[in-house]
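Questions regarding the structure given below will be posed in turn.
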Amino acid sequence: MIVVMRPNATEEQIQLVIKRLKDFGFDVHLSRGVERTVIGAIGEKTAQKIQQLEATEGVERIVPILQPYKLAGREFKKERSLIDVSGVVFGGTTVPIIAGPCSVESEKQIIETAVAVKEAGASMLRGGAFKPRTSPYAFQGLAEEGLRLLAKARAETGLPIVTEVVNPRDVALVEEYADMFQIGTRNMQNYTLLTEVGKAKKPVLLKRGLAATINEWLMAAEYIISAGNPNVVLCERGIRTFETETRNTLDLSAVPVIHELSHLPVIVDPSHGTGKWQYVTPMAKAGVAAGADGVIVEVHPRPDEALSDGPQSLKPDAFAKMVEECHKVALAVGRRVFVDR
Amino acid sequence: MIVVMRPNATEEQIQLVIKRLKDFGFDVHLSRGVERTVIGAIGEKTAQKIQQLEATEGVERIVPILQPYKLAGREFKKERSLIDVSGVVFGGTTVPIIAGPCSVESEKQIIETAVAVKEAGASMLRGGAFKPRTSPYAFQGLAEEGLRLLAKARAETGLPIVTEVVNPRDVALVEEYADMFQIGTRNMQNYTLLTEVGKAKKPVLLKRGLAATINEWLMAAEYIISAGNPNVVLCERGIRTFETETRNTLDLSAVPVIHELSHLPVIVDPSHGTGKWQYVTPMAKAGVAAGADGVIVEVHPRPDEALSDGPQSLKPDAFAKMVEECHKVALAVGRRVFVDR
Amino acid sequence: MIVVMRPNATEEQIQLVIKRLKDFGFDVHLSRGVERTVIGAIGEKTAQKIQQLEATEGVERIVPILQPYKLAGREFKKERSLIDVSGVVFGGTTVPIIAGPCSVESEKQIIETAVAVKEAGASMLRGGAFKPRTSPYAFQGLAEEGLRLLAKARAETGLPIVTEVVNPRDVALVEEYADMFQIGTRNMQNYTLLTEVGKAKKPVLLKRGLAATINEWLMAAEYIISAGNPNVVLCERGIRTFETETRNTLDLSAVPVIHELSHLPVIVDPSHGTGKWQYVTPMAKAGVAAGADGVIVEVHPRPDEALSDGPQSLKPDAFAKMVEECHKVALAVGRRVFVDR
Amino acid sequence: MIVVMRPNATEEQIQLVIKRLKDFGFDVHLSRGVERTVIGAIGEKTAQKIQQLEATEGVERIVPILQPYKLAGREFKKERSLIDVSGVVFGGTTVPIIAGPCSVESEKQIIETAVAVKEAGASMLRGGAFKPRTSPYAFQGLAEEGLRLLAKARAETGLPIVTEVVNPRDVALVEEYADMFQIGTRNMQNYTLLTEVGKAKKPVLLKRGLAATINEWLMAAEYIISAGNPNVVLCERGIRTFETETRNTLDLSAVPVIHELSHLPVIVDPSHGTGKWQYVTPMAKAGVAAGADGVIVEVHPRPDEALSDGPQSLKPDAFAKMVEECHKVALAVGRRVFVDR
């Protein structure tokens, strides 16, 4: 890292910083410019050392050279990771589509949806049993009953299931039923929860926080991996900006950026990313063209009766059309959605 | 609420929406313009009804007229709430100052800080025992040992203590020791945790999420209040913007906005809001001038040895100066910091 | 529009608002809820009337129902506009690629680039003669000499040229040389300039402002169209967010949103959108998949000698590969880049 | 500056970068870490050199050490600048208040307002003659007639006047009438206009762009100063964020940041910063407490008849109260609003 001293830093302050750096075990290179003295420091940096140095008198700022994540980073592992979720592989040539309702509402609804999305070409089923809702008065999900219904839908269709876990206490319960945990956008920095799924065995779908930088997102992945679970799939689902025509701004450039910085697969969620069903299909195709390793979308047989997220849910026939179109785009970029075509 | 129909909505679609509104129990007013038909609906709206209507064919969008929060809103309770934390009152004429280190690091450090901030005029002590850190490799706090040290510092100085709780499982434990829970910015939408402190007895300091609208912040307060705990103090601590000279952008206009929309007290945190100790004192004074019901700042006897947040921590003497200056500004706006001057 | 009255509005205030609405020529529908009175108003609204009503006592807020733009809106013109730039058509089946250096630096550089991009499949040449630079000490462009060199490159290759105009005084001069004006992101709300190109004859490429909502962007188009020039092509080039891994956040969802709200073509600029050449090709392909009506990218024969924007410029061979890949994606979505394949 | 090489950079690439740095006239310090090689470079950097180096093969990124502005920076001039506008001084102990309507609408309106704000304690009069409006159909100002009316109001009251210039062609005309130019938020990066007022003699009030970083804002000031006009007063007027309860987010931390980075005075505009008159007074007081060198607010005798910005305009009596309260806060921070009290 580089320590930039203030223009008026005294010689004493400079020497003190050098001493502290050496005490921290850094190799030190001093460089005196006309207006600033900068000190290069080579060694193992930590967040704590950085903040202590920043708080040292005479120091203007610290410029880190290396990324703060290790296990999630490309330098730790050169080749792309393949994450296997009960036979569905993320990170390879095939681009799996995950589909299903926002919330599991009833047996009829989830089975009907599962059959329809399977038919249309989806590889996995999504559905919420525990719902984090902005309003305490909104439908909060069917809890364990929802998990049971998801398992039933899997038995019926063979689709592996991914579902959100919001409470550290529920991790074991969810793991019993689901093939993959989902960590939602509001919990991307819920470190208790990240550590808990990090100790579990099933893979994790880690959504980007609403206002999380890519760096912070990879640090959240680092929590999970460093706790013991290397099977993390990232999911870009839109960030918060000033634009109001869409619910969020789907940051598709996160796809090539993640592919450069990390070995982990990254998928996109155009349903939450845009908030309106009309924009889901074009953005799903754009995600595939940008190189996404998968797509997750909300599908509901009757969006105007959905207990949540109806406005951004596709009907089964629109979804089937989306899958067909994504497959064509996938072929154009050397990949495929349908395994068998 | 107002239902705006698409320009090409058919008569059949309009009639269907009217029927659904009536089924939901709304009184309906139809208004046909040249380009749009809009339908006014009076009655009890819910997030679910709104989304189902939005997903109905022919509907362009729904415009809610009333705010989604009830118990946290000014219309529910006209007069300002006074929240008493072991004798320290938020929302009245006095403007309490809460101070202390980011993390409790040792007995010496927390006692020394507590004595110093008490001396300088602080009314409460802050300090983290459970620390949510961006990096899994950073100091995560002393946990229960930290709570014990805080209690010791309270015994020594008489200052009530506020400390963060991050895991729903720890709510009872934290409540044993602390006078007030803190819900941190990353957990503002951790609904499991909000509900848990909502069931507890001690007051809650609810920090605004990094990218939370004021509306969402009040909905988070609604979670706590609707679970049974009306003693919520809001804390503006900076929002995420594109500006990089400061760690966050302290949104002081949230103070008068909250005072208009809600009866709850709101305090400001210029330490996290700016991220640099040089800017803490001017922004603390600005917060008091804007009408804040309190100030919370980070103080550390030796910021360059702090295990976290050193760069934004004031030293005790700078803090003492800040309190003096805040008191002068408080007097200028008809309030006071020192109870006895 | 809808006028929402404050909860404590008096009957007198309500009647006064109704009177003002009638004086403004609106048809009025009164709707009294339990907590709020809302007044529907049908008629010709203007920004001025809205603000005057908002400033009237007892009024809480105004909810506009119709979009503020007319000529740029889909309701004004149902079918998509085709904009012809010296034979290159935007908005049709073909997806034109515009390429060239950030700045025109020398005859050799611009001719060499023009020949290379033509060869690779570009339909138009871009290049800056007047450069708006953040620093007053940076290269500001060759001015009229730059225009002459662009015209020479056109003569050599047959590629129509687009170039930025920054000063209202230069509109006539630029029109002499260029086939299309570019209004840059910093000038999207430079109304003097918008009006000036609105009075000109050549088509206009209107870049989205760094922090402009889609609504404001369409209002900027409205300025140009209402001044007499209907030939506007919109260009999404990234918006400002908190993310720092990319220079801006390319908002590709703007493509389907614009196609829903407006009849104007919209193209994407992945060079400015990402700021790094590595991300340009994936985002160009994503733009085409999202439905963009064109792509504009920066190409420089030797980026490390470019006088501006080197880091985001593709070399000619990488550009040729990008065009090939965009063509494949275009075919997958029922369009084409190469006219003759 | 620091050149950070990619982890896989070859020795040849490293040597090439060193050679280029030396050719650019830099002193070079090489530092080889385990994972990265970084090269320190001391000398005169320019935006062009930085971009060329960034575009050089093997280079990951460039970390600038010094700020890009010179004349606007604190290192260029240690003591705070005092800017004199026809006898009203910004940057000293007194905190001048500038007040007046958004637009000059009529002789009666501007004279009435000028007399009222003078009476209440304002030091300068504001009023728009050329109005940049989002809609081409909105009132665009009275142009030269507006300037004449402003001059009349000055003659009547003795208050110096500040008014916006939007067209480079009008700079000479505005200078004839006004005491101070205003560069509006939409034109902060209109470099043609900045250069034009930089060549003029009168002081300039430079508003921060809606999405401008503090760094870019100081670069805009650098344009004006480097063109010959050192008399720049900065004005924080709110930045664009995701929050919608306020029109913009007034970034008061910009005040201490500017005071650290620059010698120029900085004032605040709570009218545009919040967009609602209810929030103007608390935020004006907060600005003074934060150390602002002045306040600018919109005042209109009858906001509900204003041709623009009525909702954020104070009535004269509310304004008078605001000035009194700002004076008290100013005294609390060692300054004053009223010169004679």
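The letters A, B, C and D name the chains in turn, as written, and every chain counts its residues from 1.
Please note the rule applied: contacts are C-beta pairs under 8 Å (C-beta built on N, C-alpha and C of every residue); 3 or more make two chains touch, one makes a residue touch a chain.
The structure presented is a predicted model; accordingly, all values stated were derived computationally and were not measured.
A.B. asks: Measuring centre to centre, with centres taken as mean CA positions, what chain is farthest from subunit A?
C.D. replies: Centroid comparison gives D as the farthest chain from subunit A.
A.B. asks: Determine which of the two chain pairs, A-D or C-D, is joined by the larger number of C-beta pairs in contact.
C.D. replies: C-D
A.B. asks: From the mean C-alpha coordinate of subunit A to that of subunit D, what's the distance rounded to whole Å?
C.D. replies: Distance between chain centres, rounded to whole Å: 39 Å.
A.B. asks: Can you compute the centre-to-centre distance for subunit C and subunit D, using the mean CA position of each chain? Integer Å is fine.
C.D. replies: Roughly 26 Å separates the two chain centres.
A.B. asks: Give me the residue numbers in subunit C that touch at least two other chains, ranges are fine.
C.D. replies: Only 211, 240-242, 244 qualify.
A.B. asks: Name, in rising order, each residue of subunit C that touches subunit A in their complex.
C.D. replies: 211, 213-215, 239, 241-246, 249-253, 255-257, 260-261, 273-274, 278-279, 282-283, 285-291, 325, 328-329, 331-333
A.B. asks: Tell me, which parts of subunit C touch subunit B in their complex?
C.D. replies: So the residues of subunit C in touch with subunit B come to 2, 4, 7, 29, 31-36, 38, 40, 42, 63, 65-66, 75, 240-242, 244.
A.B. asks: Touching residues of subunit D toward subunit C in the complex: what are they?
C.D. replies: Contacts found on subunit D: 46-48, 51-57, 68, 132-139, 166-169, 186-187, 189-192, 195, 210-211, 216, 219, 222-223, 226-227, 240, 277, 303-311, 313.
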